[in-house]
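Here come two complexes built around chain A, the first alongside chain B, the second alongside chain C.
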Partner chain A sequence: MSWNTLLFMIFPYVATVVAVVVTVYRSIYRPFTVSSLSSQLLERKKLYWGSVSFHYGVVIILLMHLLALLFPKGLQLWNAVPIRLYLLEFSGLALGIWSLVGLVVLVWRRISDARVRTVTTSMDVIVLLLLLVSMISGVLTATTYRFGSTWFTAVFSPYLWSLIVLQPQPELVAPLPWIIQLHALNYFILLFVFPFSRLVHIITLPLGYLIRPWQVVIWVREARARAD
Partner chain B sequence: MKSTAKRNRVRVYLALVLILLAGFLLSSIYIVGAAPAYQSTEEGKLIFESQCISCHTIGGGRLVGPDLNGIADRRETDWILRFIIEPDRMIAEGDADAAALLAEYNNLAMPNLNLTQTQAEAVFAYISSQSGAGQAQAQPVALPEGNTQRGLSLFVGEMGFENDGVACVACHTVGRVSAYGGGSLGPDLTHVYERYGEAGLASSLGGLPFPTMQGIYRDHPLSPQEQADLLAFFSWSDAQATEIPADQFTTTFWIWGLAGAAALFLIMAIFWMRQRHSISETLRSTS
Partner chain C sequence: MNVRAHISMLFHLDKCIGCHTCSVACKNLWTDRKGAEYMWWNNVETRPGTGYPTQWENQDHYQGGWKRMKNGLQLRIHSRTKGILKLFFNPALPDLEDYYDPFTFRYEDLFNSPAGDDQPTAIPISMITEKPIDIETGPNWDDDLGGSTIYAENDPNLKDVPQEVREQLGELERLVFNYLPRICNHCLNPSCVAACPSEAIYKRGEDGVVLVNENKCRAWRMCVAACPYKKVYYNWSSGKSEKCILCFPRLESGQAPACAHSCVGRIRYMGVLLYDADRIPDAADVDDENLVAAQREIILNPFDPEVIAAAKANGIDDGWIESAQNSPAYKFVKEWELALPLRPEFRTMVMMYYIPPLSPVVSVIEKDLVKLDLSEEMHDFEVFHRLEAARLPTEYLASLFSGGNVEIIRKVLRKMLAVRVYMRRKSVEGEVDQVALDALEKAELTEAEAEAIYKLTTIPTLDERFVLPPYHREMSIEAEGMDPLAHKGETGVGYLQVPMRGE
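Up next, the complex of A and B:
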């Protein structure tokens, strides 16, 4: 068995099964641990600069990866006009760098702030390091091996679909430069770590807000300020 | 009582996880084991015709790489097998014969085709069986008349490939193909026409025998007309265009990316000013 088979065929399935089963187990038996474990009360300023840029950047970038997986042909058609291709590549890179800088701020916050350091678990450190690997390899791929927004649709869309339909073709990934392979592998490692870490908070996306009945919120601060 | 029942349920779930994991592992091992093993010359023929024929002939003269007719008489079997399996490693290790071949063939290194020992033996058996027997070179398909302009459109992707293959520009660049160049995952193709020669490039466009491209174009081959158009385009670029180092555009990309990120942080700064202080912070700052 080659490394390629092990890392890009067997491991993705193992990671997915672990992620799904353990997440379900955790949300049933340890429901109150499914949380991002916010430390905003302990430190707010660095959190704002790190968390906002990291989260908005990473969510948009992940959605773009998902779009490329779902509509590869659409993306190729968009990229068929050079100006649109450049626009997409520049925006993606800008979001990637924005997000990466945010992540670095978050790492720095974990190290420098004593109050935050106290609540930091070893799993938090692992997650931060894995995310760093992901974002650095992603930004390097975007700058060095252009144009990912197009070749993703020809290499990774078929590869990921081959995994989804249970006819894996890991050989599609084998000839790629190591940094791209690292980027892909690191995604599966993150998937594996997902249910054991704070990453599970991703499933707590508050979709209920979209359909819940409206509420009246009354602020008293302005009124009180005026009364003073 | 209750906690025992709960513990039992936990055990059931744990067992389920283990069974699922074991199932996936076993099925994946089965899939690996089910991969066909090439052994006979018949299977060597299949590999030769899909992976080697774009660059090599057996008795048909040199193409991109050497004519393999009677190769067994010229070199040790072990050397040949190893070169079929890992030409890149042998070149990197500075094998004298491999280096000489590289120099003789325009510095075009044979790609690593990811063949196993058994597959390499099958190909070797096939080449030996065909040596002196006849000609197994790619039958040069008479390509239609190519059109440079259409070749450019195909390269950039303005015109889609008939079989849905991805546009060349995703990974390759040619001269100043558009404002910030083409892709940089694959090599610069400005002078590919000169490097491969017309016959070699034509046959390479037919089979696209390069490791990364094999998987991408296996189910999306180029039509003869598209091959001819691209050939015409590469011939034009070889004569007219100049290679622009990819690094030059890499810098441009970094600049745009950093500028974009900086703009996003500026937007954040506006929102930072509008952030409401928490009660504890207000208390701490006023005390």
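Up next, the complex of A and C:
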């Protein structure tokens, strides 16, 4: 078995299964452990500059990745006019650098602030390192292999779709430059780490808040009625 | 009419001596844990003062409570959409410095230091980093510092007090202070519940206790900012919010909460109030000065047959109704109208009530001797008629307890003073004269009421102070599908899993 098969065929499936199974287990049987583990109480200023730029940058970039995967035709139509291509590429790169800077601030905060250091677990360090690799390799890809939004759909989407439809073709990744392979592999490692780390807070995004009533009242007698 | 029951606590501030026994009892029982060191679910503040966390009442800064808008009450901290958008950074959250850096001392240095020329000392260390720190503040750093220029002068409640009086409050021989013990107010319209994006905070229907479900808490910390009383705290170690639970395991087994039970001044009372839940939104949405009246309005008379029928229809059992009829809370809040909500203009409709403190006896220093300012035979009477000259300004108390409505404060103080005048005539001088009867009449009290107020204020027994309803915990256990006999004598559920940070 080649490295290519191991890392880009077997590992993605292992990571996905682990991510789903452990996340479901943790959400149901260990809900106390699921938390965004905010440390804003302990340190405020650096968190503001780091967290806001990192989170908003990374959320938009991930959404763009997803859109490119789901709507390749729409992306190609958008890029048909050069000015729109430049606009997309430029804003993508800007967002990448913005969130990378945010991440660096967050890493610096973890290292420099004594209070934040005391609440830092080894898993936090692993997550931060993986995110650093992910963002640096992403920004380098965007700068060294220009116009990713044009070649992504042709070069990378087929591989991802082959995974999604359960007919994996890892050989599609083999000819790609190492930095792009690293970027992809790092994503699967993050996926693998996801359920064991604070990253699980991503799926707890509380969108229900937009529609729920303001007040929440819980009755024991209702539970009793259900038991009867 | 949607009748619900609420367990309520009263603080008789005229009896509080500021000893912090309540705070220590609570600390020992609930917050003597990692991540909770800085939390004081029960704290006692010196007023005028800035409180804990510093200036908690300043909602321009902390964004707590509700504000009136054209379309009804809205959270001050955020709209729903903005609440989601601010998940990554919560601008209104207090810093640890607004509370204090929790500290202890390195006592082992006293024993383990190598022999030397100097006595070893136990240096202060932070309980978070365990590194040496300079202690700069603490949870009751301004204790007894009435009149001080850094603390008392910055009390937000002094804004309506005339400048001349404010200056007097800073004079050495005229300064005045009282104590303000505070716990979670277990509000009827809690803004912490409304602000939680994860739906983790809820109000128990049966007794109104507001609790955080830590299994649902995701550490967005909106509750901490949204509570205008700053009584939800964030545990920096476990990554979950925590708050006063009104000692519900004790209540469910018929004991008063630890803070109330340990109170050496016996200032605290507990009892059931029946209220109309349908009228909460309207009662919270009136002008500031009418808030106290509106809140009294939705508290129902537990002797009214109509109320009793509606309560029963709503599943409130006879034990709770009887408990509501004997409740000291009902007497002080509704019958005598002596107990008032703390800062009602935050519009969360608090269910813990305060009986305001009387001022110290007026005195002057003459030839190095402290002397009463008033002629002796007249002094009850004169203080009674000169409330505007009370050393604790009525504008100040009105800001704390009646949304700025001074007349409500005057009424309460007049009643308390009238009871004092009447009872002194009766028990010390042995004869109730016209002065005492006039005082009662002016305070709108009957002799029987004055007697009852005196008794419940001064010589109540434990059972009169704490009228706790039967919780029927066995039924709650059945509701979980468990056998009540197998869990007889147990309270609480303990940790199902050891709380580890994020693991």
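Throughout what follows, the second predicted complex is superposed on the first by the 213 of 228 C-alpha atoms of A that agree within 3 Å, B and C clash if a C-alpha of one lies under 4 Å from a C-alpha of the other, contacts with A are read in each partner's own complex, and residues count from 1 in each chain.
Just so it is clear, contacts are C-beta pairs under 8 Å (C-beta built on N, C-alpha and C of every residue); 3 or more make two chains touch, one makes a residue touch a chain.
Nothing here was measured: the structure is a model prediction, and the numbers come from that model.
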First (chain B), second (chain C), both or neither touched by A:215: second
Which superposed partner A:101 touches (first chain B, second chain C, both, neither): first
First (chain B), second (chain C), both or neither touched by A:198: second
First (chain B), second (chain C), both or neither touched by A:48: both
Which superposed partner A:84 touches (first chain B, second chain C, both, neither): neither
Shared chain A surface residues [contacts with chain B and with chain C]: 41, 44, 48, 52
For the chain B and chain A complex, residues of the former touching the latter: 10, 13, 16-17, 20-21, 24-25, 28-29, 31-32, 112, 114, 156-158, 160, 164-167, 169-171, 178-180, 182-185, 211-212, 214-216, 249-250, 253-254, 256-261, 263-265, 268, 271-272, 275, 278, 280-281
Complex contacts: residues of chain C adjacent to chain A: 80-81, 83-84, 87-90, 93-96, 126, 128-131, 189-190, 193-194, 196-199, 201-206, 214-221, 234, 236-240, 315, 475-476, 478-481, 496-497, 499-503
Chain A residues within the chain C interface of the complex: 30-42, 44, 47-48, 51-52, 55-56, 114-115, 117-119, 121, 123, 197-198, 201, 204-210, 212, 214-224, 226-227
Chain A - residues contacting chain B, complex: 1, 5, 9-10, 13-14, 17-18, 21-22, 25, 29, 41, 44, 48-49, 52-53, 57, 73, 76-77, 79-83, 85-86, 89-91, 93-98, 101, 139, 142-148, 150-151, 153-155, 158, 168-169, 171-172, 174-177
